[in-house]
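Below, each structure is written out as structure tokens.
Two complexes come next, and they have one chain in common, subunit A, joined by subunit B in the first and subunit C in the second.
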Partner chain A sequence: MNDFLKISGLCAQIDDNGTPKEILRGLDLEVPKGEIHAIMGPNGSGKSTLSYVLAGREDYEVTGGSAEFLGEDLLALEPEERAALGVFLAFQAPIELPGVNNANFLRTAVNAVRRARKEDELDAVGFLKAVRAETKHLQMSDDMLKRNVNVGFSGGEKKRNEVLQMRMLRPKFAILDETDSGLDIDALRIVAEGVNSFGGRISRHSSSPITSVFWTTSSPTVFTSWRRARSSIAAGAKWRWRSKLRAINNISRRWHERRDRSFAGSRVLSVPGP
Partner chain B sequence: MPAVTETREAVETLGQSTYKWGFETDIEMDFAPKGLSEDTIRFISARKQEPEWMLDWRLQAFRAWQAMEEPSWQKPEYPAIDYQDAFYFAEPKNKPGPKSLDEVDPELLRTYEKLGIPLHEQAILAGVEGAGDVEARLPVAVDAVFDSVSVVTTFRKTLEEAGVIFCPISDAIREHPELVKRYLGSVVPVSDNFFAALNSAVFTDGSFVYVPEGVRCPMELSTYFRINARNTGQFERTLIICEDRATVSYLEGCTAPMRDENQLHAAVVELVAMNDAKIKYSTVQNWYPGDENGKGGIYNFVTKRGACRGRNAKISWTQVETGSAITWKYPSCILAGEGSVGEFYSVAVTNNRQQADTGTKMIHLAPNTRSTIIAKTISAGRSDSTYRGLVRMMPKARGARNFTQCDSLLIGDQCGAHTVPYIENRNMTARVEHEATTSKISEDQLFYCRSRGLSEEDAVGLIVNGFCKDVLKELPMEFAVEAQKLLQLSLEGSVG
Partner chain C sequence: MSGAIALSPAVESFLSRAHDGEARSLLQRQGLPQRRLEAWRYTPLRDLDKTGFAAPQSVSDEEAEALVARLAPEAQDGHRVVFVNGTLIAALTDLPETVRVVPVAVPLLADRPLSVLNSAVQQPGFGIRVAAGVDAGKIALVSLVTGDEPASTHLAHQVTLEEKARLTLLDIQSGEGTYLANPSLTVSVAQEAHLVHLRVQQDSVEATNLAFVSAEIAEHGIYDSFTLTLGARLSRHEVLAQLDGKHGAVHVNAAQLLGGAQHADLTSVITHAAPDCISRQTVKNVLMDGAHGVFQGKIFVDRIAQKTDGYQMNQALLLSEKAQIDSKPELEIYADDVKCSHGATVGALDDEQLFYLRARGIPQAEARAILVRAFLLDALALVTDEAAYALLDQRVEAWWQKREA
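Right after this comes the complex of A and B.
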């Protein structure tokens, strides 16, 4: 039995200038803990919609089905309650918050989540220590902590900042919505390693469940072993809207090789076999 | 951010928070006869044991007021005020000074407690003899104006040693008549405007600060105004003078109990800065704003003006306006000294049915004068907020510069924000810049914060505080945190 994440018959629509537009039409999907899933599909196939619905965005109306996460009815929770429970969404286009200091924002978020989880809040020193370790890992400059949240960040900096937030908030289930898009090879490697080592750290040093990751992408070339990633979806999910998902079979060989080199030894790229 | 945490706790303890400072104290009061006439003014003047010249000054103002008409060019609308249907003087009955806290009216002490004033400071405020000597370590001197009488002034002694005079203005009229005569009404003349004239006629108390040449005032000076009695207008008068190379930082905080009727608050503040003097005047105003339907609340019609009379003098206004049913004021600077600097930093928050029409006037008279205006307005509910500002470059203002930035933030879709900048330039070498933006807190921003675990209210608080950062950082440290909390409290329930 899987009690980690279970999505059944999920239907969701969005208001498209007054007329409801159905996007998810009965999605079934089970994710056991500790797995990494790639959600692939062309633009408009509903990858971001699925991400937003799971994170609790109000613009999307859930018209049917259910989503259970750790035994709780995920869809009944407020976004902040989902965050406290361990759901994290890395935005495809991270939002700018003018005037809000990045470090301050991060600390407020971390402590809000810690409070909800009945953990001690981090004081300024403890927080700074924790965040410095993470920024070093992600090769981010301290300068990024001093700037305002996502304001004036380059595309790559924004994505790195999302991964930083993920690592600091320690979710159990992370949704990375196109976190690979717009990144050059080097940035992609750093981000991928950030995601990868995160899962590993959780499993080695703590008793909390291994984090599961959803990584939506329109270019499955991110995953060197994308065939295996895809097969894991095929095994765990029944996409009723499969017709929309198009397996991309003709990946350029050259691309493939370059990615292979960049991602050598990076476990995020393959589906860990239990 | 600890401030946000504290705010959350504050909000939680308040439950479905209403006006936090909305308690009423039942203290025996002495009232002047209701209504406004020469007799009322003579009564006030006599009760204050004022010299003859002061009474003449008041009567002159009263006659000027009688000949004036209430202005009507402003944006906020309010029903006509009946000036004969109010008390102009109310004073707590409790004299002479008590010997210990036990002798102080317990109601008064309870009020201080609710205001969060620590016990030893309560003792000082309540006028317990000798209480001031022990607590000279505290960094802030408080002058509490309880209705019309400044109950007592703390730290007068420490300040006296530095040569600084900080006392109720009624004391100053008796003890330092030469200074008061020279400066009172010199920045805001008695006939300046309708409300200033009214204030000049009936003002009952307020603060007086005099910093002599070369002295840097050793502590922040703070005044706590509170309107308690029913139907009393609070007409306080503040006069701050900084001689050559003197420096002072002054903060006023304001609260009033919840009442169904509207109360008028028409204060006048005058600042005078001589050569190289610096005056920093900060206001945190949270008068009772009325309920959700706009019933009750304070009319805050205030005239604040500072004159930079000397070379390189500097006057800086910082205000955080969260309260009052109507806020209508323009803290201004007259830059008469060469190279003098005027600054205006403002945050005005309106919620429910509040209205605010606020801004500044920068009058550049002398060469190389500079002014900076940063105004942030936040409107929520069905409130309406206007920035109205004047920058005037006079012919002699060679090389003068002004920079103005007005930003408006809208929460919800039933509120309004307006920006009305007036610019008059009569000198071709002067430079005036104006920038303005209007934005809304977007659903995207709220969702982004909430998906990181922040509650909706924390998210709004974070975004609003970010929006106001440029202004809040100008406040003295102790009050910046307070102001952040206030912002969040006043916007509570404005989203969703």
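Right after this comes the complex of A and C.
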């Protein structure tokens, strides 16, 4: 029995200049603990809508269906309550917050979540120690913590910042909305490793919460070998989280030779176009 | 043109206490400024007009001390001048030896109704002179009002900085009950002198504050001001600043945080009467409930004031559907080689930013507070004195906590 994430008949619409536009039309999906799912589909098929609806953005009106997460009615919760429960959305286009210091933002978020989870808050020293460990891992400079949130960040820096937030907030379920898009190979490798080592570390310790991940992606056409991977996915092949990383890491090493081996284990939801 | 009407109870009460002949007759002729005057279009004094304002009662030193502890805790130690109900509390006043106390002698500006009103019922305030080359440090000027009956205070202060003198004036205005505070401050900054004027207006929400500042800045002189407006039902802070010598600089920065039915008006006229001067203005409004903010900022550049560098920015954050801002930036330029820019923005909190913060687990109220603080930062960050910045920051924080509670 899956009591991790269960989406049934989910319908959502958005207000399109006064006329409601239906985007999700009865989506059913179950994500058991510990699985990696890729949501694929062309532009406008509802990948980001699904991400936003699960994270609690108000612009989207849920017109039917349900989403249960860890036995809770996810759709009834405020965005901050969902975050505290363990849902994390890495934004496709991370928002800039002029006047908000990145380190302060991160510490406020971490402590808000810790408070909600009935954990002790981190003091300045404890926070700094924790964040330094993560930034080192993600090859982020301290300078990025001193700057305003995402302001003047390059595309790669923004995505790295998302992964940093994810690692600091320790979610149980992460939605990565095209976290791969717009990145060059090096940035993609760092971001992917950040995500990967996180998932890997947790799954090695059975007492830790198990993270499941959605990775939405539209058309990562930049990568020849990735295009091959996508076609396999579209054909319904199963794949494993690590396979994508391998795909990314070995682009220059003719990854496609190994694709049969790497696509074993998880599932892919291919969303039809609008 | 005068907007005179039959004498209102307010004007009657001021006239009965008026002691300056010229100001008295001007007040009698003009009454309080009405909406018909362009400069008063957005800030009608209708409600004020209905009330008679008596001379305030005096308070004991003990009462004054308790009042300072309650309303201006930041000024409990250090150099300070304390006025309660328009009277100097000598027991609580402590000035550095480096400043000279002088009698206040301020000019009457007949075309400025607030100057006229202040002159008519004037109470001698804080008059000091800082000698050439002296750094007088920081002095708190605390003006408080308390009492059961509507009363008015009309303190006139005068600060003169001689060549290369320096002073930071922390000007705290607050009170309890219904009253009118109508202070004036006349500033003179000599060559290479530097005055920092930090003003906190946190009057009672039933009070009216009509403040008038007139400043003259000589060559290489700096008048750097910041006003934080949190209080009063109705307030106006009117600043006239004139740059008289080359390479002078004036900053008229402000933040107005208003809720309920509060109305606050920041009106400034910065006159560039000499070449190579700089003027800077960043004014932020955070308006909740049915609050009404007004910004009227004029930069006047005389024909001889070449190479003027003027910047003016007024921004408003409207946190409710009923909140309102009137913004009137004006440039009047007669020189042909100047750099002057001005801008105004009005908006609500950004939904995307709010969602981003909440999606990271930050509760809505805290997320709103973060965004409001971020909005204010451009203006607050202009206060470079760390202690003063901390004071303003704390007042803003406390105001916000109270609002959100």
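Just so it is clear, the second predicted complex is superposed on the first by the 217 of 274 C-alpha atoms of A that agree within 3 Å, B and C clash if a C-alpha of one lies under 4 Å from a C-alpha of the other, contacts with A are read in each partner's own complex, and residues count from 1 in each chain.
Definition applied: contacts are C-beta pairs under 8 Å (C-beta built on N, C-alpha and C of every residue); 3 or more make two chains touch, one makes a residue touch a chain.
Given the structure is predicted, the values throughout are model-derived calculations rather than measurements.
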Clash-or-fit label for the pair subunit B, subunit C on subunit A: clash
Touched partner set for A:Ala109, first subunit B, second subunit C, both or neither: both
First (subunit B), second (subunit C), both or neither touched by A:Leu89: both
Which of subunit B and subunit C A:Asp16 touches, first, second, both or neither: neither
Touching partner for A:Gln165 - first (subunit B), second (subunit C), both, neither: both
Which superposed partner A:Glu58 touches (first subunit B, second subunit C, both, neither): both
Chain touching more of subunit A, residue-wise (subunit B, subunit C): B
Touched partner set for A:Glu121, first subunit B, second subunit C, both or neither: first
Overlap of subunit C and subunit B interfaces on subunit A (superposed complexes): 55-59, 78-80, 82-84, 88-89, 91, 94-95, 97-100, 105, 108-109, 112-113, 116, 165, 169
In the complex with subunit C, residue positions of subunit A that touch it: 55-59, 78-80, 82-84, 88-89, 91, 94-95, 97-100, 105, 108-109, 112-113, 116, 165, 169
Footprint of subunit B on subunit A - complex, ascending: 55-59, 78-80, 82-84, 88-89, 91, 94-101, 104-105, 107-113, 116, 121, 148, 165, 169
Subunit B residues within the subunit A interface of the complex: 1, 4-5, 442-445, 447-456, 458, 462-463, 465-470
List of subunit C residues in touch with subunit A within their complex: 351-353, 355-364, 366-367, 370-371, 373-378
